[in-house]
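Naming follows writing order (A, B, C and D), and every chain is counted from residue 1.
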Amino acid sequence: MTVDTPARPTLIALLHGPDQPGLVARTANWIYDRGGNILHADQHRDDEAGIFFQRIEWEPADAAQADADGFSAFVRGLGMEVSVAQSDRLPRVVLFVSKIEHCFVDLLARWKMGELPCELAGVVSNHPDLASITEFYGLPFHHVPVGREAKAEAERKQVALLRKYQADLVVMARYMQILSESFLLGCGCPVINIHHSFLPAFAGARPYHQAHSRGVKLIGATAHYATAILDDGPIIQQDVSPVNHRHSVRDLVRKGRDLEKSVLAQAVRWHLEHRVLVYGNKTVVFD
Amino acid sequence: MTVDTPARPTLIALLHGPDQPGLVARTANWIYDRGGNILHADQHRDDEAGIFFQRIEWEPADAAQADADGFSAFVRGLGMEVSVAQSDRLPRVVLFVSKIEHCFVDLLARWKMGELPCELAGVVSNHPDLASITEFYGLPFHHVPVGREAKAEAERKQVALLRKYQADLVVMARYMQILSESFLLGCGCPVINIHHSFLPAFAGARPYHQAHSRGVKLIGATAHYATAILDDGPIIQQDVSPVNHRHSVRDLVRKGRDLEKSVLAQAVRWHLEHRVLVYGNKTVVFD
Amino acid sequence: MTVDTPARPTLIALLHGPDQPGLVARTANWIYDRGGNILHADQHRDDEAGIFFQRIEWEPADAAQADADGFSAFVRGLGMEVSVAQSDRLPRVVLFVSKIEHCFVDLLARWKMGELPCELAGVVSNHPDLASITEFYGLPFHHVPVGREAKAEAERKQVALLRKYQADLVVMARYMQILSESFLLGCGCPVINIHHSFLPAFAGARPYHQAHSRGVKLIGATAHYATAILDDGPIIQQDVSPVNHRHSVRDLVRKGRDLEKSVLAQAVRWHLEHRVLVYGNKTVVFD
Amino acid sequence: MTVDTPARPTLIALLHGPDQPGLVARTANWIYDRGGNILHADQHRDDEAGIFFQRIEWEPADAAQADADGFSAFVRGLGMEVSVAQSDRLPRVVLFVSKIEHCFVDLLARWKMGELPCELAGVVSNHPDLASITEFYGLPFHHVPVGREAKAEAERKQVALLRKYQADLVVMARYMQILSESFLLGCGCPVINIHHSFLPAFAGARPYHQAHSRGVKLIGATAHYATAILDDGPIIQQDVSPVNHRHSVRDLVRKGRDLEKSVLAQAVRWHLEHRVLVYGNKTVVFD
């Protein structure tokens, strides 16, 4: 271990697979033997499933790419899956939005202040409303209308834009369309969504109305990876706020906006820092 | 308004009904005209339903019972429902328990420290395990076993005990039996239950296993009035705790115990202070 | 009581003074006798100090101004202080900023979404950096540099701007200058400040460094009215976030930004909704 | 890594010292080379101070004592400090109490439910009040009165009891006496205290009165190691609860009890699980 803010680029590996003795020592040795300097190493074991998880970050002695390839081969040889990211290659992100702006504006402001280590490649929307704020932040805006009949056509355009931008991540910042299974399978990168309820309670439409109707004393928001089964993807982050009988549905919506902003931003930042590992329908978040 | 800790007994009215102009002035005037001294007056209006709710506490000039009867008649004359409690008549509470003790021990300790303004009349359990701690606190313990066939018989005994104790409230402190509709209709007093999840998510059995399996990032607990439809009664209080991948089901159960204790105690205290008004499937909590 | 979102303008009175019997009935009667319709009435009594506090909102039968004047005279006749606001006259707010933008951008976005019932009159800054985002939101931006020698001169310019804009409120959105006692006495309106710590712990400069050095497990933020004694004004709102040994000072600053945004916005919203009553060095917040 | 609930006893080492390359690999290798099975390994680096911290837990191949001694010698040879605990040797804890019982009763109940992995050796009190509940839980109770003149004599008796019980930890469960510097230096084990405020705000006596007087919107509690400088020891855990103008000092005290219970219990559990490492005036908590 040395500095927290490395002068040199670092490598960050996320790996998981069947547990076996000596894994902590083996991965550390591989790096140490090549002159690498481990900055962080966190591991977890799912005792029921017998799976070992690790996030390990190190400064390689010289050529980062060689280390990345070599470490990946080594880990796969141990029977595990692995992805290795290089800290000086910023992930490329495309934001999907509609008309509701609070999450979008919040992400733009955080990105400008340096909170989100990524390159914002562009913005895709089914409405033109958020073009001007997008342009204020110097980003390209693509209006892709989504009609009832032309949804497949719209999704083809969206996928083409993701390919053009070489997107590493799509963030649905209150994008009010359901992405089809074929889009999710074909878009080539993970998709993070914010659901405006404490999943699995109040899945589906109008969750604040549902919450108000049930008389709950807390409302919540959930950031998750989008999957073909709506509202059922792996959960990355959740939070809640207290409510009471004095709060109307409109108050719940307002309070919910604050939750949605902070929960989505937190989930996106963890993803961009390579802290989130998905397995089955769950996540391991190395925070 | 005068003192917060009244030297003289106070009356506390909970009332609700169709809204109409002047209700705040009318109830205040009724009390003021009879020499009463209003200590607290909180009101709420459900705009969708057009219902007015009020909790009002006052020191009557002299005979409290006359005021209680007179005020009730006056309020009913305005087309509203009302209940009036007298602060120096402590509600009589019967605790239902099984083997799991954390909520039970917590309530006993709070009661002894004066946090719960009630008379603990007795303890009913389907197991003998908690007899000694009950006796340490000087309370009568009734072991009423609940067999598969003899559930109706057991409930008859339980109702008889509630009658004998003139119970004003039953608290299910992790009582691990489902009370039948006939019990709930016939027991003659409200029943508060603690559900070890954030309802409506994870209703039913083994909620911590469900939560672990879904990979949620928060677990919760819900105190509600028991109704014939399981886990669907009016919610009084809810709270949550953050969890992560490092927490096993056993950890969730342990963290859940802390939630269950504080959520149940809070709900019971509010009920005993005549702060909870039920309408439809919801509560108004004048905290 | 009638509708929550009144079609007609409402009046909102904040009053306090020595407690005496019958105050709840008297204020309600004054309004009811003039055909007014009370929408909300909340009261509080400080038992130690013997002071009665009330926030009361009503729809007057016809001319609002007559009711406002008459009610004020009536309440003063009872020996109490009172202020009455009219819901259709939006308070005029001037924002003071420096270079740090998170609170400022957050307030602008909330205002645009309708969360802050006010007219943003203008922005005053001792640096030019935030001019473009101010203009994007269509607001006038005034650059008033503050040198060491010329502070009094700068404050004179600032007060002149507040007079020109007829400001009802100044919000220091991370404005990094200390306002002098003479400014605070002469500016003619309340000033809300956000202090980036959990006051009274870590008052003064560099609170996140202080917090990191002391090894606390929670950091906080405090919104308060600015007074001549630095960091000692009446507190409106506070919140905290958990931190641990893994968090560097830079992490505390980042986490603190989220706290500062939400705490300041909450305090400003409550003030604009006439929910905050100051007495001595404390606040009563009718939320 | 293998099972979370080891069938065999495990060793848990807490170590820290000047950072140097390869530490993660070296400690892992030492264990792996001797056939040990690492269950958990967490590390942290204080970048400003250049210090490396690690908590590592493993199943040794056979004789645990040999591993404990060997590993300690190895780590000291690397220039670091280390302590190694054996999971099957429960720490021996002595509770210090006065009259206030909420923390004490809470710890007893948690211990009985298996939440606190320790042996409760005995209870020391300057008052006789809590003897009967102590005896209900089957523990020895020692009444050591503390007069003004005889404080040194009382502390000598207390130290003698700690020696007799071979205490590994003292927990001050709202023990209302200040322990002298000579006691703390001579008692031979760490002392955990609960302070009923959010330190460093409201240090010293009557913190809830101070908080009420300052008009704060959150109250807190702090568990810390007791040191010669009152209220200035390393903080282990803190938490807060929202309060408002409606809460009297008595309400703050009641709400504070809940905080004190949960914060103290959490700190004690972490200590007993060998998760807390003290350096300077701060703690690293490997939770």
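The working rule: a contact is a pair of C-beta atoms (placed from the backbone, for glycine too) under 8 Å apart; a residue touches a chain by one contact, two chains touch by 3 or more.
In this text, all values refer to a predicted model and were calculated from it rather than measured experimentally.
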| item | value |
| --- | --- |
| Chain whose mean Cα position lies farthest from chain C | D |
| Comparison of B-D and A-D by number of C-beta pairs in contact, larger one | A-D |
| Chain centre separation in whole Å, for chain B relative to chain A (CA means) | 42 |
| Separation of mean Cα positions, chain D and chain A [Å, integer] | 37 |
| Where chain A touches two or more other chains at once, by residue number | 4, 47, 248 |
| Interface residues, chain C side, partner chain D - complex | 44, 46-47, 53, 198-202, 214-218, 220, 234-240, 244-246, 248, 281-285, 287 |
| Interfacial residue positions of chain A with respect to chain C in the complex | 4, 101-102, 105-106, 109, 113, 115, 132-133, 136, 248, 254, 257-258, 262 |
| Residues on chain C engaged by chain B in the complex (per definition of touch) | 1-5, 19, 21-25, 28-29, 31-32, 37-43, 45, 47, 52 |
